[in-house]
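Each structure below appears as C-alpha cells.
Look at the two complexes coming up: chain A is in both, with chain B in one and chain C in the other.
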Partner chain A sequence: MDFYFGLAQIIGVHTLLGLSAYVVLLTGQVSMAQAGFYAIGAYTPGAMTAMFGLHILPAIVIAGLVSAGIACIVGFPALRVKGLMLVVATLAFGEMVRLFFFNLTWQVERNGELVGPNGAEGFRAIRYFPQNGWEVWHVTVFIWIVVAVVMAALWWMDRSRAGAVLRAVGHDEIAAQSIGLNLTAVKVGAMTAGGFIAGLGGGIYAHTVTHIEHGVFGVLLATFAIAYPILGGLGTVFGTLIAVLFIQGFLIEGLRFMGDWRSLLFGALIVLAMNLRPTGLLGEHAPRMKHLLGLRGRKTETLESKEAN
Partner chain B sequence: MIDFVQNTLDGLAIGSAYGLLALGFTLIFGVMRRLNMAFGPSILVGIFAGAWLHSHWSAGMIPVFLATLAGAVIASAYVERLSFAAIRGDAALASMASSFALWMQLEEAVARVFPQRTYAFPTFEGLPMLELGPLFLRPEYLVMFLTAAALVAGLQVILTRTLFGLHLRTLSDNREAARVSGVNVAQVALLTFLLAAAIGGVAGFLIAATDGQISTKLGMWATMKGLIAMVIGGLGSMRGALIGGLALGVVEAQAQWYLGASGREITTFALLFVALILLPVGLAGGAETGARAEAGRRL
Partner chain C sequence: MDYFFIIDFLQSLVDGLLFGTTYALIGIGFTLIFGVMRKLNLAYGAAALAGTYIGVAASLAFDAPPPLVFLLSALGSGVIGILVYYCCFRFTPTHYPMASLLASVGMLLFIDEVVIHASHGMPFPYPSVFRDATIELGDVWIRGDLLFVFGICVVAMAVLFWLLYRTPLGLATRAVSQQPRAAALCGIDPTRVNLLTFGIAGILGGIAGAMTAAAVGVISPIIAMGLTVKGLIAVVIGGLGSIPGAIIGGLLVGAAENVFLLLRGVTERDIYVMLLLFLFLTLRPGGLFGSSAGRD
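Here is the complex of A and B:
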C-alpha cells in the first residue's frame, strides 16, 4: 500500500511542477527554468524546517514566495527574448541554479548533528514528517490538498479575466498589445505565478524524499516540467494532470514490469502521442470533453475555433 | 600571461569541436526551424559504434572513424523520420518534446548495450607534443583544429558550389519560396539532417579520441555544448556557429584554469544567459536572418 501512496506523492508533486510550466506556457513562453525554481523551492524550506525548526506550512509558503521573487527578477531580463531563445536562456538559468546548489555548503548544528546543504553530497535529513509523527497517508493527503488548491486557483483564474489576458498574450502578442495589455507585466506575472507553484512543489518534494541533491534538478526535470503541459494540452489544468498520470503513473510505474525496455517504449509512446495530437491530449480546442460533460464552452472558444480553421 | 595564452590556445582547439557541433545544430535549425534535442545522443550512438568496433575487432582509426560517422547518421535518420518528418512543420514544440523522448530512447539503448560506466576509445598515439617557444600544443588539439578547418572549408564548397547547397540555402531562407521554385523540401531536409549528423559525428569522434574514454553522458554534453555555442554565436549563421564555438572553448579553458571545474560550468551558463540578453543577435551580428526571426517566434 505504501507503494501506491508513494506513487500518489510523486504524481502530486510532479503535477505542481507541470502546472508551474502550464501557467507560463499559457502566455506562449516556453520556460526551462521551472526545475530551477523547483530546486530553490526544495532547498529553502528544507533549510527552514531542518535547520531552524519551522512548521511545514509557513516553510513551503515561504519557499513559494522566494521562488516567485526570483522568478520575477529573472523574468524581466529573460522575457526580453522569445521563443527558442527563451528556451535556451531559461535552460541556462536552470543550470546556474543547479550548479549554485552543487557548490553550496552551509551547515548548522542541530540536536548534535550537522544539517544543511553540503555541496555535491546534497542536503540530507530533511525529516520534518517522520519527526512530527506524520504517516505516509497524512503526507499524501497533505500533498493532494495543496495540489487541489493550486488547481482550483488556476481553474478559477482561467475562467476569469486573468486567464483571458494570459491566453490573449499567448495567441497573438501584437493583438494583445494593441488592446492595451502590458506584455511585460503579463509575462512576468505568469512567470512569477509559475515560480510560486514550482516553489511549493519543490518544498513538498524535499520533505517527502528527505534527501535532495543537485543532480535531480537538471535539464531532464526541466524538460519533464514542460513536457507535461505540452503533452496534456493547454485547454485546461486537467490536461497537465492527465499527462502526469500518463507519464508517471502509466509510462514510468505501470510499465515497470518491462524492466529496462521501459525507457525505449517510453520514447516511442511520447512520439506517438505527439504525432497523433500535436496540440496535446486535451488541446486548446477540446470540445468533445465539454460536450460529454454537457458544459458550455468558454467565451473565447469562438475565437479559438476560428483560429483552428 | 603565458598561462593565459596557453589556455587560449587549448580553448581554440576544443572550441573548434564545439563549433562543429554548433554547425550541425545551425544546419538543422536553418532548414527545419525546429530544435533537435536528440542531436547529441545521435552522435553518442556513433561514438559507441566506433568504440565497439575498436574493442571487438581492434580496428584502427579509420574504420572507427567511419563507424562513428555511420552510427551518427543512421541514428539521426531515425530521429528525422520520427520527430521531424512525421510531425507538422508548425508544431515546433511537439517536435522538440518528441526529439527529447528519442534522446532518452537512444541513450537508454546505448546504456543497455554498453552497461559499463566508461569505455575506451582509440587515441591518436605516437604523435609528438608540439612546442612553440614556451607554449605547448597537444597533437590531438592540432588534429582537431585542422580537421575542423578542413570540414568547414568543405562545407562552404558544398553550400556555395553545388545544387544541393543552393537548395539548402533557399530552404533556410524561405521555405515557401523554396517549395514554389521546385525544391524537393522533404528530400533536402532529410539530406541536411544527415549532413549535420555527419558533421556532429566528426566532432564527436575528435572529442572522444582526445579524451580516450567515453560514457553515455556524452550525448547530453554534446547537445548542450552545441546549443550554447550556436546561441552565443547567433542563430542561423554558419559564421556565428564557428565564432560561438571558439568563444565558448576559450572562455571554458580560461574559467577552468582560474576558477576550477565547477566554476567553469557556472561561467559557461552565465555567459550564455548574459549573451542572450545583452546581445540577442549573437557575436556574429549582421543582418536579420530568416532563421533568427523564426527563433524569436512564439513556439
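Here is the complex of A and C:
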C-alpha cells in the first residue's frame, strides 16, 4: 500500500511542476527554467525545516515566494527576447541554478550533526515528516490538498479575465498589445506565478525524498515540466494532470518490467505524440463536459472554435 | 599580476579560442536551421554526438584510420540530421512552434538514450592526430591537436561559405531563409531545401562533435548537453540567424570558458559562461550581429 501512496506523492509533485510550466505556456512562452525554480524551491524549505526547524507549511510558502521572486527577476531580462531565444535563455538559467547548487556548501550544526547542502553530495536528512510523526498517507493527503488548491486556483483563473488575458498574449502578441495589454507585465506575471507553483512543488518534493542533489534538477526534469502541459493540451489544467498520470503512472511505473528501455520510450512517445496530435491530448480548446456527454449546444461551440482559430 | 599568471591567462585564451571553433560550428548549424525554418532544433547536439559514436564504432569494428573516423562521424551525423527533420519537423504544423520544439526535445532524449544503450554509458577513446606536436610561441604553447581542430573547423566553415554563396543550392537556401513563399513561387521546393539544410547542418555538427572528442581524447554521452547548451549560447551572443555572429559567439564562448576555468575552477566555469549570456540578453538582446532586437 505504501508503494501506491509513494506513487501518488510523485504524481502530486510532478503535477505541480507541470502546472507551473502550464501557466507560462499559456502566454506562448516555452520556459525550460521550471526545473531551476523547482530546485530553488527544494533547497530553500529544506534548509528552513532541517537547518532552522521551521514548520512545513510556512516553509513551502516561503519557498514558493522565493522562487516567484527569482522568476520575476529572471523574467525581465529573459522576456526581452521572444520565443526561441527565450528557450535558450531559460535553459541556460536552469543549468546555472543546478550548477549553483552543485557548488553550494553551507552546513550548520543541529542536534550534534551537520546538516545542509554539501556540494556534489547533495542535501541530506530533510527529515521533517518522519521527525514529526507524519505517516505516509498523511503526507500523500497533504500533497494532494496542495495540488487540489493550486489546480482549483488555476482553473478559476482560466475562466476569469486573467486567463483570457494570458491566452490573448499567447495567441497573438501584436493583437493583444493593440487592445492595450501590457505584454511585459503579463509575461512576467505568468513567469512569477509559474515560479511560485514550481517552488511549492520543489519544497514538497524535498521533504518527501529527504535527500536532494543537483543532478535531479537537470534538463531532463525541465523537459518533463514542459512536456506534461503540451502533451496534455493547453486547453485546461486537467490535460496536465492526465499527462502526469499517464507518464508517471503508466510509462514509468506501469512499464517497470521494461527496465531502462522506458526512458527510450519517453522520447519516442513525445515525438510520436507531437506528430499525431500537435496541440496535445485535449487540444487548445478543452472539450466541455456537456459535449462529452452528447448534450445540446454542440453545433454552436464548434462554430465558435472555428472562428477562434 | 605576475608574469606566470599572464602566461597562464594567455595560454587559456589561446586554447579556448582554438577549441571555440567547435562551438562556432554547432552555432552555425543552429543558425542555418533557424534561418530556413524559423525553428529551433534542440536535438542537434545529440545528433552530433550520435554521429561521433558512429565514427567510434567504425574505429572499434575495423580499426579505421583517424581521417576515416572523422569522415564517418560527419556523414553519420548528417544522416541523423535528416532523420530528425523527418521525425520532428516535416509533419508538425508550422504555425504551432511548440509542437516541433517539444518533438525535437523528445528526439534529443531518444537519441541520447539510444547512444547510452548502445555504448553502455561508457566513455570510449577517440582517435586524434598531432597529439605530441606543439608550437612554442615564447612561453605560450599551442597544442598540435587543438591546432588541427581549429584548422578542420575553419576549412568546414570555408566550404560552407562556398556552398552558401557560390552554388545554386546556396542561392536557394538563402532565398528560402529570406522569404519562403516567394522562393516557392520561383520554383524552389522549400521541403527539399529544408532537408538539405538539415543534412548540411548535421554534417557540421558531426565535425564539431568529432573535433570535440578528438580534442578531449575520449567520447562520452555527456558532451551532447555541453555542445547543445554552449552552441545555443554562442548563437544567442552572436545573434540568431547570423553566421558570422555564430562564429564570433563560438570563439567568445570558448575563450570565456577556458579563462573562467583558469580563474574559478572546473565546477564553477559554466556558471560564468551562462552569466555572460544573461549579460548579453540584458544589454544586447538581438546579439552582436542580429538584424533586429529580440525577433522571433
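Here, the second predicted complex is superposed on the first by the 283 of 309 C-alpha atoms of A that agree within 3 Å, B and C clash if a C-alpha of one lies under 4 Å from a C-alpha of the other, contacts with A are read in each partner's own complex, and residues count from 1 in each chain.
Here is the rule we use: contacts are C-beta pairs under 8 Å (C-beta built on N, C-alpha and C of every residue); 3 or more make two chains touch, one makes a residue touch a chain.
From a predicted model like this one, the values you see are computed outputs, not experimental measurements.
Novice: Clash or fit: what happens to chain B and chain C when chain A is overlaid?
Specialist: After superposition on chain A, chain B vs chain C: clash.
Novice: Kindly classify A:A268 by the partners it touches after superposition: chain B alone (first), chain C alone (second), both, or neither?
Specialist: Touch status of A:A268: both partners.
Novice: Looking at A:A71, would you say it contacts chain B, chain C, both, or neither? Reply first, second, both or neither.
Specialist: Touch status of A:A71: no partner.
Novice: By the touch definition at the top of the document, which applies to A:V139: first (chain B), second (chain C), both, or neither?
Specialist: Neither partner.
Novice: A:A190 in the overlay: touching chain B, chain C, both, or neither? Say first, second, both or neither.
Specialist: In the superposition, A:A190 touches no partner, neither chain B nor chain C.
Novice: Between chain B and chain C, whom does A:N103 touch in the aligned arrangement: first, second, both, or neither?
Specialist: Touch status of A:N103: both partners.
Novice: Touching A:R80, do we find chain B (first), chain C (second), both, or neither?
Specialist: After superposing on A, A:R80 lies in contact with both chain B and chain C.
Novice: So chain A touches chain B in one structure and chain C in the other; where do those two contact lists coincide?
Specialist: 30, 77-78, 80-85, 87-89, 91-93, 95-96, 99-100, 102-103, 219, 223, 226-227, 230-231, 260, 263-264, 266-268, 270-271, 274-275, 278-279
Novice: Which of the residues in chain C end up touching chain A in this complex?
Specialist: So the residues of chain C in touch with chain A come to 34, 39-40, 42, 87-88, 91-93, 96-103, 105-114, 117, 225, 229, 232-233, 235-236, 240, 267-268, 270-271, 274-275, 277-278, 281-282, 285, 293-296.
Novice: Quick one: in the complex, what on chain A touches chain C?
Specialist: Contact set of chain A toward chain C: 25, 30, 77-78, 80-85, 87-89, 91-93, 95-96, 99-100, 102-103, 120, 219-220, 223, 226-227, 230-231, 260-261, 263-264, 266-271, 274-275, 278-279.
Novice: In the complex, go through chain A and note every residue touching chain B.
Specialist: 28, 30, 77-78, 80-85, 87-89, 91-93, 95-96, 99-100, 102-103, 170, 173, 219, 223, 226-227, 230-231, 260, 263-264, 266-268, 270-271, 274-275, 278-279
Novice: What part of chain B is in contact with chain A in the complex they form?
Specialist: Listed in rising order, the residues of chain B that touch chain A are 29, 35, 37, 82-83, 86-88, 91-98, 100-102, 104-105, 108-109, 112, 220, 224, 227-228, 231, 235, 262, 265-266, 269-270, 272-273, 276-277, 280, 294-299.
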